[in-house]
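By letter and in written order, the chains are A, B and C; residue numbering begins at 1 in each of them.
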Amino acid sequence: MLLIQQIINGVMLGSVYVTMAVAFTLTIGVLNFLNFTIPTLFMLAGMGAWALTAKGVPIIGAPLIPVVIAPIIAIVTTIAASLIVERFTFRYLKMKYGDSTEHAIPLVSSLGFLLIIENLVRIAYGTDPQRFTALEADFTFDIAGLMIRVPQLASLMISIGIVFAVNRALNHSRIGRGLRAVAENPDAANLLGVEANKLVPVIFMLTGLLCGLAGILFAMNYGEVSPQMGEDIGSKAIAGMVIGGLGSIWGAVIGGLIIGVAEMLTIHLFGADTVQVVVWGLLLVMLFFRPQGLLGHNSIGKGKL
Amino acid sequence: MTTAAPLLSLQNVSKRFGGLSVITDVSFEVAKGARMALIGPNGAGKTTIFNLISGFYRPDEGQIVLDGVPIQQLPSRKRVGLGLSRSFQNIRLMPHLSVIENIMLAQQPHAGGLLDMVKPIALPGFRRWQREAEELLDAMGIDTYAGDVVATLPYGVRKKIEVVRALAAKPKLLLLDEPAAGLNAAETEGLTDFLKRIALTGVTLLVVEHDMGLVRKLCDDAVVLNFGAKIYDGPTATVQDNPLVLEAYLGPRHSKTASGASDQKGAHHVA
Amino acid sequence: MSGYMTGILTVLSINIIMAYAIFLPAAAGQLNLGGAGFQALGAYATAFLSAKYGTPSWATIPAAMLVGGLVGGVLAFPLLRTKGVYLVLATFALAEVIAGAILNTTALGGAMGLSVPDYVGANVPMIAAACVTLFVFYLMATRFGLVMRAAHDDDVVTDLLGANVRAIRVVAFALGGALAGLSGALYALAFSFVDISTFNATISIYVLLYVLLGGTQTAFGPILGATFFTLLPEVLRSVLPQVKAFLAGIFGQTGAIAPPDESWRFIILGLLTVLMMIFRPEGLVTRTFIERLKGALRGQGARRKGAVA
């Protein structure tokens, strides 16, 4: 029974990874770009929501923003930040030779942004974890002795709903079809009149939205935010994405859930210190023996870097 | 027409990508010392043939024999050692290496031993390979400063350097993929003389080229491909008389009206 | 020499060696985002041998290099089968696995860390850094270095020209592992204590960033990058409070002003990274830059033998 409870907890935790893993997989699938700002965007949303409710609007200070509105402002801020990142990683990217380190330029820029955003938040609010007490009451109900927390269940639903919406948008909207065309073959898409330059910001807006939501849901569920909160969660989302397969949205969903469950079971069976070895070991084994992941295509991410 | 064993022979070579057959049962031979052209309309499979010979792809069927050695299963880097060297349609020099370093890189089959790998290449007392590369550049009339980084050089010069790089491996057979692409008339003229000089040193040439002027001046023999199959194998001089070739280039309607049109203008139209 | 100066020189030496450890695979076109893992291997090898068996430093340092080199060499085979994004992820994952394994090994002190009874002064890291620098400069001047640089530009053609790109990359990766091991060993011996949380993903990121910002085309890049980013915080430490005081003065603030946050230096590193990628993505020191410099020293007139065709 305890084991089943841990699996349920794992799925709940996994839903946070899922949302971010989808963000990772979108940028890799369409742009062949491993965006390292995703964990910081996640953190920005969580810390932002906390700061708005506890400290008020940055620089101006007062007034404190009510808990109902703060998350929305935080998500909008995250999307804006993501667009700034787009402007300075992709907009100015010029490939002259196509050699192996040149392809890493956006990745390196995103590492730069990771440092900038995370440390700005540190300077503003310190490095200590903060309690985020948006949900005072803890609704839980149990079915046959299994405890299910309502907020967690809600965030699982929201995560899955978002993934469905994104997937549907990719398959059925004009922009979505354009994006998929770019992912398949950027040159051909260009010839067919798909304006890649106009579609790229869409990916970054989606990234901001997904990370923002994940950050808010995580902060509400686990009641704690810190400038470091993205590092651990973000790297596990990367692991989930790889296991599911780069560029595959449903792969990211499955991978994120696998990581969540694997993490909870590992903690339960071997203790918290071994989580790192299990999660990353799983990823490494996957990369060595089935680099395309569970559902991924063989071609994505093979480009030079 | 050849008495000695051919330098290169393709025997019933086929290649498929997925379900698509790109090369179907192609056989031809290149005699030692020959200057042969490989021509055909766009998408006929010329570059694929080059990629099969140089080892980018493995043929699904058939044999490729270089100087008596079947090479179709050898990794590409081992084929260089057997005397096979090539240039590329789009220049593929190393942009961050200097001219001389690009040339020295191609000496690899002769200087790739463990000891050679760890010896300095540009220090006093160790300049043997550098001198050799410089001599080759001089002999080929490349008068650009050899220390210049390739990325900074104009297109025409890079195009020539790529041919010289292919020569630095001291090949018996040199594959040239559209050496004149992107060059103006004067540059093409210069290149033709340049390639003739190379052939005079005993190197066998197999050239993919669209410029029929260059092909006729440089090559004695030609193989024509269309839709991955060989449709002509013979002297360059009579290639325009072949109805199959005309049909391939101009479509079935022209094959009757234009047959026998072997004059210069028709030839340029083919190009 | 003051204690402050020796401290900085020790850190600088360790960082330079670490920069070359990441530079070697990068020069051959392979990004290693797991540098801290290899550094941890070296540090813990030294710490363990020293604490458990009292092995002297002249033996623990080579042992650390051997461990780093062997792990790098053996893992290079599966690692380098992965390309592009996958290689970045795989090296990143490898470092996490190494850190996790050390964290869970009681013989290595787990989360408590390990005290190192042995100690070396600043001269050892400095001499080691000088030797490593010379070694890498030498390596880049050999045919091995030439093939490495060629593989960075175009691995397919390099292979076609007759060079065994795979072998070259495995060797470069293993040498990088050995150098990272060396820097870890020197860290353990200079600070007499190792703690796995020191060798975290952030370190891997910093090292990769300053190597790429320095430039991977020549051996000048890493030493410049490492020096710049080691000395930057020290410079900022003295300059930033003055800037802040000056700004505060403009806004009419007086009295005691708290020194600025440590985090500013990371923001500056981040900003520089973003700006560099926009304006000079090949790094500060490029091949062309060196050639121009040589040309300038030689005099423009002598640069070309004749007109460009």
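Annotations for the structure displayed:
In this section, a residue touches a chain if its C-beta (ideal position, glycine included) is under 8 Å from a C-beta of that chain, and two chains touch if they have at least 3 such contacts.
The model shown is predicted, which means the values in this text are computed figures rather than measured ones.
Seen from the C-alpha centroid of subunit A, the farthest chain centroid is that of B.
Highest inter-chain contact count (C-beta pairs) belongs to A-C.
The mean-CA centres of subunit B and subunit C are about 43 angstrom from one another, to the nearest whole unit. The centroid of the Cα atoms in subunit A and the matching centroid in subunit B are 50 Å apart.
Centroid to centroid, with C-alpha atoms defining each point, subunit A and subunit C lie 29 Å apart. The multi-chain contact residues of subunit C, meaning those touching 2 or more other chains, are 152-154.
Those residues of subunit A in touch with two or more other chains are numbered 97, 99. Residue numbers of subunit B whose C-beta contacts span two or more other chains: 95-96, 151.
Residues 28, 32, 34, 88-89, 92, 94, 97, 99-109, 111-116, 118-120, 122-123, 231, 235, 238-239, 242, 246, 273-277, 279-281, 283-284, 287-288, 291, 301-305 of subunit A touch subunit C in their complex.
Contact residues of subunit B toward subunit C in the complex are 54-56, 75-78, 80-81, 86, 88, 92, 94-98, 101, 104-106, 108-109, 111-112, 116-123, 129, 142-145, 147-149, 151-154, 156-157, 160, 165, 169, 190.
Listing the residues of subunit C that touch subunit B in their complex gives 138, 141-144, 146-147, 149-150, 152-154, 156-165, 217, 286-288, 291, 294, 303-309.
In the complex of the two chains, the subunit C residues touching subunit A come out as 26, 29-31, 78, 81-90, 92-94, 96-97, 99-101, 103-104, 110-111, 152-155, 201, 205, 208-209, 212, 216, 261, 263-264, 266-267, 269-274, 277-278, 281-282.
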